[in-house]
Amino acid sequence: MSSEHGFCDLGFAKIDTDRPRRKGFSEVIYCPGKDRSHLKKISGIFLKNKQDLLLTRLEKPVFIYLKKFYPKLKYNPIAKIGFLSQRPKDKKGLVVVISAGTSDLPVAEEAAITLEVMGNNVTRLYDVGVAGIHRLAHHLDLIKKAKVIIIIAGMEGALASIVSGLVKIPIIAVPTSCGYGASFGGLAALLTMLNSCSPGITVVNIDNGFGAGYFANLINK
Amino acid sequence: MSSEHGFCDLGFAKIDTDRPRRKGFSEVIYCPGKDRSHLKKISGIFLKNKQDLLLTRLEKPVFIYLKKFYPKLKYNPIAKIGFLSQRPKDKKGLVVVISAGTSDLPVAEEAAITLEVMGNNVTRLYDVGVAGIHRLAHHLDLIKKAKVIIIIAGMEGALASIVSGLVKIPIIAVPTSCGYGASFGGLAALLTMLNSCSPGITVVNIDNGFGAGYFANLINK
Amino acid sequence: MSSEHGFCDLGFAKIDTDRPRRKGFSEVIYCPGKDRSHLKKISGIFLKNKQDLLLTRLEKPVFIYLKKFYPKLKYNPIAKIGFLSQRPKDKKGLVVVISAGTSDLPVAEEAAITLEVMGNNVTRLYDVGVAGIHRLAHHLDLIKKAKVIIIIAGMEGALASIVSGLVKIPIIAVPTSCGYGASFGGLAALLTMLNSCSPGITVVNIDNGFGAGYFANLINK
Amino acid sequence: MSSEHGFCDLGFAKIDTDRPRRKGFSEVIYCPGKDRSHLKKISGIFLKNKQDLLLTRLEKPVFIYLKKFYPKLKYNPIAKIGFLSQRPKDKKGLVVVISAGTSDLPVAEEAAITLEVMGNNVTRLYDVGVAGIHRLAHHLDLIKKAKVIIIIAGMEGALASIVSGLVKIPIIAVPTSCGYGASFGGLAALLTMLNSCSPGITVVNIDNGFGAGYFANLINK
Amino acid sequence: MSSEHGFCDLGFAKIDTDRPRRKGFSEVIYCPGKDRSHLKKISGIFLKNKQDLLLTRLEKPVFIYLKKFYPKLKYNPIAKIGFLSQRPKDKKGLVVVISAGTSDLPVAEEAAITLEVMGNNVTRLYDVGVAGIHRLAHHLDLIKKAKVIIIIAGMEGALASIVSGLVKIPIIAVPTSCGYGASFGGLAALLTMLNSCSPGITVVNIDNGFGAGYFANLINK
Amino acid sequence: MSSEHGFCDLGFAKIDTDRPRRKGFSEVIYCPGKDRSHLKKISGIFLKNKQDLLLTRLEKPVFIYLKKFYPKLKYNPIAKIGFLSQRPKDKKGLVVVISAGTSDLPVAEEAAITLEVMGNNVTRLYDVGVAGIHRLAHHLDLIKKAKVIIIIAGMEGALASIVSGLVKIPIIAVPTSCGYGASFGGLAALLTMLNSCSPGITVVNIDNGFGAGYFANLINK
Amino acid sequence: MSSEHGFCDLGFAKIDTDRPRRKGFSEVIYCPGKDRSHLKKISGIFLKNKQDLLLTRLEKPVFIYLKKFYPKLKYNPIAKIGFLSQRPKDKKGLVVVISAGTSDLPVAEEAAITLEVMGNNVTRLYDVGVAGIHRLAHHLDLIKKAKVIIIIAGMEGALASIVSGLVKIPIIAVPTSCGYGASFGGLAALLTMLNSCSPGITVVNIDNGFGAGYFANLINK
Amino acid sequence: MSSEHGFCDLGFAKIDTDRPRRKGFSEVIYCPGKDRSHLKKISGIFLKNKQDLLLTRLEKPVFIYLKKFYPKLKYNPIAKIGFLSQRPKDKKGLVVVISAGTSDLPVAEEAAITLEVMGNNVTRLYDVGVAGIHRLAHHLDLIKKAKVIIIIAGMEGALASIVSGLVKIPIIAVPTSCGYGASFGGLAALLTMLNSCSPGITVVNIDNGFGAGYFANLINK
């Protein structure tokens, strides 16, 4: 289980221990579909190699199981993220994470916690969707201080276009699966964001708060 | 938690207390994905601000939980709507809510209750689908008295086109997810209604009885 | 080029000369994507083997080319069908071919001509769509005389459901690509017809007037 | 609750008691989405009006509930059909119901039981899919005796095309949702059947064994 | 060619001369797929019966052809509408037709001309999309005077949600096919509009300016 | 229950006992949707006829049930395969089964076990996805020894294209349903693999490890 | 323009001159979207480096243009392939290329010519679709001599499943865009082939005769 | 035509002259669907207001028409961009624009020219797709100098994932419509990019080189 070739071979998994050098942050573990005993072994390799540990989509019972072995492991139950930082980081820049509705919170928190674990200053601005646009207008000065903006929205996902029309800051849009009927599990919001008439927006996968946070971190630094 | 800027900021939510002035009715709360403690806090803000409270897609156990704190809260279990009117309203106009089948009842009731809470006269005409069109024909005089018609249909959703061919009254069509196989969760009925060869029909999202009721209320007044 | 094994081998094609025995009618030639010299050779094999010749989706210039070699070949320019009967047939039964709109005529005629070439009595009833349902009601006695009904409709395709609610006669529904926007090339009408709430309907491919006629012929006999 | 206008009005439902006259068979009740107390009331109307009762997609616990009130009600657990014939019928013609695989049995039985309740002779031929086509070939004489053929197939649904190439009998194809991945809940089989290169096939909705049986009954008589 | 049964039978078409009585306006002719000689005959019936003539999606060369026979026929080349009013109408109410971009003009004009031919006051407000929302804000007083609002938008179609958050006036949203890539011919805008988080919006088919105008006319009266 | 015509007729199933002669291996049983008593009878026929038994997608409780009757039956719980070899086989060739991530293991094992039961040498190389491509590069010599390569990947499924660019060995790509949001149950990976810019790849259905293994076996021999 | 690093850099293109070593055959040029002057330069690099030249989807006028510069270039107008072999090859093995209909010829020839240029023996068997399955049965002995089979089919694409049930030879299935309506440009045939109930089939992209030929070549050797 | 409210009202268009202040660059004109006389008037407003003019998807004949009125207008025929800079800009940072194939050039150039007009240093690296990955590896040092990377790829679009695994630089992925069959006009590449297993990637609409360039400019500064 040495990692001389840049990875540790566990047979069922090959941990990429070279990730911090290449990518600036350790490999991040996506938990669904992985057996809890596998997650325990994988986490052990990370800790032994002094790598930061970030576990996404981690269900609470699995966190409790892992906590027994790694008592320093922390958990955010809304974001469903488990994490354990092994290297100090300075807080840098400012990312504003905006959500359209309160049902989008789990995705927004996944983005915000990812950013914080990676060492970024984060301001949260939740429930400012277009049905009551004065809530957004009231916070425009705050928004304009951001170096990067993340916008989380389900249903028709129009919020990203609105904000984009008002600022010269890069916007990362995250469609969520919040909605019903012809939202088709987030497809409606995804298409809205991809087709924005206002430039300055890029898009990540539906419900991918982690991906938005990770990308924002690359810019914010 | 003042609302001097037209909203109350709860952190996880920003209640739009300016909605009655702008839109003629309070903000309506879509419950799925919201935590019951959050719903309790949100409802409290409404009551304190003398706003009408309308909670859609509210599951019965959550209603029972809220009822403990707000004993005047009412509930319709078919429509899954919780409501509490704080301002008197006169009954106006007439909206006829028509359903094609008995399986469409939850959506039809969501429309009807929404209309009643907002102060509209409503007549229900259920199970008059095109497989036995004489049931519809028998009620044509009643239908023609409407100021607005709402038509709720799943499967192939043909009923809206038929009624539209017979009256000069605006029709709001609501596709439902009732059906199987190639109904694709209501997509078949949605496309039918969008492509109607008979003009005078507009469409809302699949199963969106609330949206149809809300729009009908705007016309009926 | 003998056909002792039930087919004639032309290399690029293997004409199924056994089709009349197995299926009750000769192989039918679908022309798109076929080279005119190939169509000429294929037609020659049919005529030499005393088989009925039916060419679907035949463009007029190709018909004119073929006509030079086979002067008895006939053509219907609306249905885009070329045909040459080589065996006498008695007219049997009654198929009523109903179209919702006048834009559906090419598909309706493809069904009607197919039926006539195969020896069926056909009555056409065109432009009786649901936007003015009294046009249909006026012809109900005529419709009830049919042994089989074919219904051709584009846009939302609701006509098949309506007729089905009124009669105990098998109905073959043909969605057409007539429409725009969310008709998605006939998909809306196809889904409508597949999801009909009124039983007694089966469906063929979009614009497949030939397939409907062929199937009706099997029942009408 | 009289039915002088051709229907009985229960408020939540309008039973179409005129159906036997118009369509040759009573209204058939599709059970999903209907409350068991509603099904009890609806069934009562049928029995009182001497109509045949056919309940599709009826779950066993609901059948047991109804059985207490209507002890003569019968049930087929594979087809999930409840039925109670109130008028004698002579067995007529012959419908052969063919399934490609054993996983298609529930749909095949829905078709077969529907046909039997409506008074048709039925022969079942199950598990003769194209992976071992000699099983089909061995029964070809039996198949050729049919007046109508129903073919039930999931996965790629190729069986209908094969049979169609061999006989001059109308074929009703029923795609099933049996399959996984890119079968997309039966869509693959549905498209296969709609696009068959061999004429003489029509199609009903995915898993709609009832619809196929009902249509076959119209032809078989 | 009398119309004693409420329609004139031309064989290929059955003109619904009863439409003004039932629907308040004559049948409207959708031109695509119709032969110019057929359009000429159909138009003749309208004029002879003193009905208003409205021809949608009429290509200019066909208009020029028809103009020879009916010199009073008028034409709007952007909306591609031909029309000839035969009964005087008073201008009533106010419909504001709003477009997001200049590429949406043909659809916006189809709505506006339809409304004007039917006797409605119309105000046009074009190119006020969300990329520069101050253009919309500047005209808010004008918008609030409307009895009905029509919003025409392609690409991500977010404009309808924004306007809806600001007014208590019914909004009819028309998605357009303006866009590329993942706009999928207007599907993105259609889904956006169906999923709006702000209530008070209904939707018509992609590019269906006529349908929006027709529906608005029913409300505006 | 003799099998003189190449199959055993159980009524609900017709076991294709001729499969080894035609296809080189016994019929393989796909278990979903089949009743456990049916699986027991089917398995009995196989054992009596000295055929290899391979049961795919077999749930553990059903395996335990079958084990009581057929104690020699073996089971792999990750692959969910039950098997019982009745004829000796020599290990031949080499198939390398590569997975992109650890969440793809069930599908990878379904392929690997299928290959081993059919008598092939198999090497597993798991968790070498493109996010850390040095893990793949490190094993390139091993990969180049294969006679056939199977590549299992979910999410964006890019791994097949990368490997294909490096070797002259046939590659069978298996998209998995591992992913979320716009992976649409494996559709994203399926399309990636079908559109590979690097030739030498063919594709099987989503999650179809069995199909890939079966096909690889045909080449590897 | 040296190729010391395994490619020649033309700025707009980087020709992969290392392809024969890694993949066993030169880079193949997909022509659509490439400028004719670019194709000329690219071809020149190939000839200078003694590589085999294979140009797919090459339109005839572009071939004529290139022929002026490279007079030895050959062209197959049905397959739309241009080629120029620079190294002798022995004919090996046997690939049987089967098409369901005559409209599938361009795709079938793309596969066959690709195979021949790469040095494989090819037998063509065209127009043996399932509508007349005796044409296939008659050639079964020929088919069984193949080392690999390629099956080209549009519409419902059932032919691959049938052949697969009869042989123990690997089958590569190529769906074609031949069809209309619900064939959705080849999607129907693609899904059919991916969902085949008979194992031993893999699939390539719609109309990708080249990809099938290339893969077959890897096995056939 | 003053612009005191932040826009110039031309009736058919409202030019957003406030864009440079809010967004850091003038409004950009998307040309499809706009009449050439409208484009002339719009361009005139820009020039008069000393704004930079950038016209995307501008066809050459329209450019030639505009050039007559605005002789300083420049044009890039591959990117189909017309532009005229009115304010000097310093070249800043470094954006590397990478294309997978030569058929992706128009989209890549749209991104590159957009960036250059906005004042960014750009390095182009074309035709380094995954089929010959050594071409990419050879340029890795160059790529690592970028502040932002844009990756343009059609077909399966795997290139973005590969590059992302190797660098800690933000990557903007642009799917292109280059491909055929199951690429569905760029959908395959879009889904690939949205589902990348390697974090650090965001996505824009299919063929949206402009959007990628615009966003990269926001980061690069």
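Order as written gives the chain letters A, B, C, D, E, F, G and H; numbering starts at 1 within each chain.
Quick note on the criterion: a contact is a pair of C-beta atoms (placed from the backbone, for glycine too) under 8 Å apart; a residue touches a chain by one contact, two chains touch by 3 or more.
Please read all numbers here as calculations on a predicted model, not as lab measurements.
> Tell me which has more C-beta contacts between its two chains, F-H or C-D.
F-H
> Where among B-E, F-H or C-D does the A-E interface show up again, with more than half of the contact pairs the same?
Comparing residue numbers across B-E, F-H or C-D, the repeat of A-E turns out to be F-H.
> Distance between subunit C and subunit H based on Cα centroids, please, to the nearest Å.
50
> Compute the distance, rounded to whole Å, between the mean C-alpha positions of subunit B and subunit G.
Each chain reduced to its C-alpha mean, subunit B and subunit G end up 56 Å apart.
> Taking the mean of the C-alpha atoms as each chain's centre, how many Å separate subunit A from subunit G?
44
> At least two partner chains per residue is the criterion; list those residues in subunit A.
101, 131-132, 165-166, 181-183, 187, 190, 194-195, 199, 205
> Got a list of which chains touch which?
A-B, A-E, A-F, A-H, B-C, B-D, B-E, C-D, C-E, C-G, D-F, D-G, E-H, F-G, F-H, G-H
> What does subunit E use to touch subunit H in their complex?
101-103, 105, 126-128, 131-132, 134-135, 138, 178, 180-183
> Considering the complex alone, what residue numbers of subunit G touch subunit D?
100-101, 129-133, 155-158, 161-162, 164-166, 179, 181-184, 187-189, 191-198
> Which part of subunit F faces subunit G closely enough to touch in the complex?
Listed in rising order, the residues are 22-24, 28, 165-170, 172, 190, 194-195, 199-205, 210-212, 214-215, 218-219.
> Using the touch definition from the top, list the residues of subunit E that touch subunit C in their complex.
5-7, 11-14, 16, 18-19, 27, 30, 32-34, 38, 175, 177, 185-187, 190, 205-208
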